[in-house]
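Before I ask anything, let me first share the structure, which is written out below as structure tokens.
First chain written, first letter: the chains are A, B, C, D, E and F, and each begins at residue 1.
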């Protein structure tokens, strides 16, 4: 227990978390600090490329085993099922209507890649290894939840909310293509490729993550200001309970799959995190009547900070306990 | 004396200064070379974050002493008083009217963070240490000069030029929040935090500064072309004499405060430099009748290049002479 | 022969080439992956600055010899003459009209700086040295081809297509100024300057090149989709034969000049590559009736990928054979 | 100079709907349009600003189409079908154009 | 399709004045507006271009408000009070809108 | 508020032609204009989008000039001379402005 607190404290005073806090602070005092949209996009391209590439190199290093396929399968199933749990929990805890609840549920089945990146950076600083293919699992978990959310909405009605264009947009959205693509590049070029570009994707990585989280803090803070009045206490409680619930499901899967401590943390983080890029975009197209303030504020303003600050150390403690680490 | 010239020459043929010269050249021959606005902003976010963080880590390393508080106080007082000297000097040397002279004066009380960064990079390349908290002094010197400028304008009239919105905008402007925030982060995470992100904020630092100065050269060159006809010889003379005057005031303060050679150079540079971001923005709001061409051309087109090329080596020579360096 | 294939394979599975392939793939499946314009510009500023600087440092290191002047002269002559060959070849192979053929020809006389950078990165990974001044040759080869193209168009007619504004725009375009400027900075500051900024321009170089080529892949892929119907088989054949032809001319010049293996590869690459920045812009101004889809698709969609994937290893094999390497 | 009467239609719409809108107006026989970026805005669904968003879901843009008067109605119908359930604004102005053969 | 008469007001103003302007027009009862980025321009105070500036002090932007005709006068008064001492331009056009209930 | 009749001229043109166009309209006696960035578009010469281009050769932008009615014709003549051989669109709208002394 004391360990958890020590780890949480150490996590809290890392440059990464404090950069997020700085962004949050700047937004809440309405400073004009802002990261241009093009730069935010560049930072996210960098992070996706680096994390995908490293994952691929690590798989090239250690070889592919059955774990990869099974983990992908587990990820897809979790992504598809978690929305139902989220939907139920949200309807119980708050008075949010069916449509908005379904939209929110889709976000929690899917994943947040920055939360994933933050977890890998905690692993790195602790010197804990993880399965490289967890990056591929992350990609696989992005989309299934969207289908579940739409099914929850159209159940009983005649909703044809998915067209083939939207399908293509979801499955081939930029983040997935870049993440999977750089994973494959990393796998194909292996440690030699890593040597070529480690001065770019390894050395400055944590620093870039800081700037990215500074921007996330700004965005989350502005979202909180705009959205706090749309969320009651029940919804906010959901934003904290749901990631913990998700992480436990992820924990169970990780045990079944026999993942390492690092892999367990990452799978827990994936199932605990909520999407704030791919799913919102799909929801704007497929469920325009749903209120983006609700799902963005929950995902970015409540669950993301919770995971970053408290969730990840908690999940890591659990993963270590289970793996005798 | 020979030393000053050697140092000046060495300073002149550094990548940093030559990059500025390249930008200046490109602007003056009207090349279409340009750095996109978003990128310029990203570079400045990077520099502020890095310089703040390093300052914080250095204070964490050496501990806080009374010097910090006294230096902050000295900075605030200098920032508030220098505009009066600048105002008088400008009125004597040129025929610029009261309103525009006050606007210019505000710029010279405040500071230019890039000039500060350039001075730290000279210190680094010479292996001279400085008080880490000078970064905080820089932040503290940004705003007071604005008040003095507005007081100079409204003296005798009923001018209510400051409203609370403008106050908030000045005190919480992005640069100050980022600089102070990253200073605190650096202080909180200390050398350990530095280890995490030094691949980002130390190794590529000077190179990024080069690109930033390339852009500054472009901007200064365009400003010169646009603004040179609004400045007479008197005003240009002011743009060279004023930084020297400011640096001497800073030198006096540094002696009183007992700063190290490095700290002395930095305080001299702060008081010698003129704002080109925070103050112009405040002036556009509070003194829209003042002509931005005058103050931007003086600050960016005359004083900034002077400080970069000749001022910093001069101030360093003086600082070294005084500290027996 | 086996060596060529081995080298080609090794070249193919480098992060650099695979990143290009990823961008191409993403564009062809119409993913929404995209690199913001400002970021693409920043990447290209970085590459130009780094490659120019390194070239300058290398010349400072090895001293200037007669080779520099002669190589510049050879470059200018090749740039001016290759368009005539290209024009003839294209008119023979395809039914593209005189005006568009001239516009295309101008592109092939000029050079593509990214292809050049990709070639230098192959040299680096193979540990093969090259004359640093090839960077200056690259700059010298940008413009002459444009004149030849315009001469080809106006031959016999009264075309006054060049005005002094366009002249200035071409000779002082951003890429040339930045490349030559950073070459001079590198030359002036030498190995000492390099030490200051190598953490910025050396360590992350290949990684940045990957992201740039990712974007080039996206652009090339979108260009192919848009432009493929304007190109017949003949034109596509031209897009492959012309770089090989150019490379052979470059090879001859390199032999005459007595360049090293690395220098030979670079000169071959320059003469083999086709412009996609400076020349298209000039053509839009001087030859607005020419169809940009034709010249951009040929240059970016056919010749660039060919050079990157097959051309460079081929040229290197030839250069090594000739130099007994 | 000789000008010709036309209509300028300005549609402010969410970025995620861009390709759906342009496809719809192309299907309505409109071949020319220009897309302008939008920094931010305010409406019934609240305020937003480009700098404060990380999610592709929130940006907006403007599609400007200049059409002959007789093409206005099909264009509005097509645009309306897309905009209907979404936030956004459609605004039509009379205008004059050079080179009428282009529209 | 059924359209409704409205006024399109386009205000070109310095970036530093953005929040002051939008606050003023909100106080005048206008709830919808769209902000467009501006690349550069020229006027009595000279030329400027976005790429050539490092200082937040110099950029401009456009605020476009579509309002019912009866709201035009309060809007112009509010805008004028802000623009008065500053550089910038206010331009009003007649237009037609779909979905009048939004304005 | 007191407004004055004017013309709003919106010229969509290739980026490479910007300085030629602004020089031409300045020579025609127009001193004020605003340049807006363009994200993408479609026309007789096909579609394009800012994100998908690496070449400076392809971008477009909009130049908006507000002029007194009597300056319209010289402006259009000047603009047309530049736009003539190039792709692009010129669109004129009636408008009202505040502070007429500025135009």
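In this section, a residue touches a chain if its C-beta (ideal position, glycine included) is under 8 Å from a C-beta of that chain, and two chains touch if they have at least 3 such contacts.
Everything quoted here is computed from the prediction, not taken from an experiment.
Give me the chains shared as neighbours by subunit B and subunit C.
A
Looking at chain pairs B-E and A-B, which one is connected by more C-beta pairs in contact?
Pair with the higher count of C-beta contacts: A-B.
Compute the distance, rounded to whole Å, between the mean C-alpha positions of subunit C and subunit F.
The separation of the two C-alpha centroids amounts to 34 Å.
How many angstrom lie between the CA centroids of subunit A and subunit C, rounded to a whole number?
41
How many angstrom lie between the centres of subunit B and subunit D, each centre taken as the mean Cα position?
About 45 Å, centre to centre.
Can you list every residue of subunit E that touches 2 or more other chains, as numbers and ranges?
Residues 36-37, 56, 93-94 of subunit E each touch two or more of the other chains.
For subunit C, write out the residues touching at least two other chains, lowest number first.
Counting only residues that touch two or more other chains, subunit C contributes 32, 34-39, 42, 203-204.
Give every touching pair of chains, nothing left out.
The list of touching pairs comes to A-B, A-C, A-D, B-C, B-E, C-F, D-E, D-F, E-F.
Using the touch rule from the top, collect the residues of subunit D that touch subunit E in their complex.
Residues 12, 36-44, 49, 60, 62, 73, 76-77, 80, 83, 89-94 of subunit D touch subunit E in their complex.
Going by the contact rule at the top, pick out the subunit F residues touching subunit E in the complex.
Interface residues on subunit F, with respect to subunit E: 1, 3, 6, 8, 22, 26, 31-37, 61, 66, 93-99, 102.
Name, in rising order, each residue of subunit B that touches subunit E in their complex.
27, 34-37, 40, 44, 165, 215-216, 218-219, 222, 226, 276-277, 280-281, 283-285, 288-289, 291-293, 296, 300
Could you please specify the touching residues of subunit F with respect to subunit C in the complex?
It is residues 14, 16-17, 19-20, 45-47, 50-59, 85-87 of subunit F that touch subunit C.
Touching subunit B in the complex: which residues of subunit A?
Residue list for subunit A touching subunit B: 13-16, 18-19, 22, 25-26, 29-39, 42, 125, 202-208, 210-211, 214.
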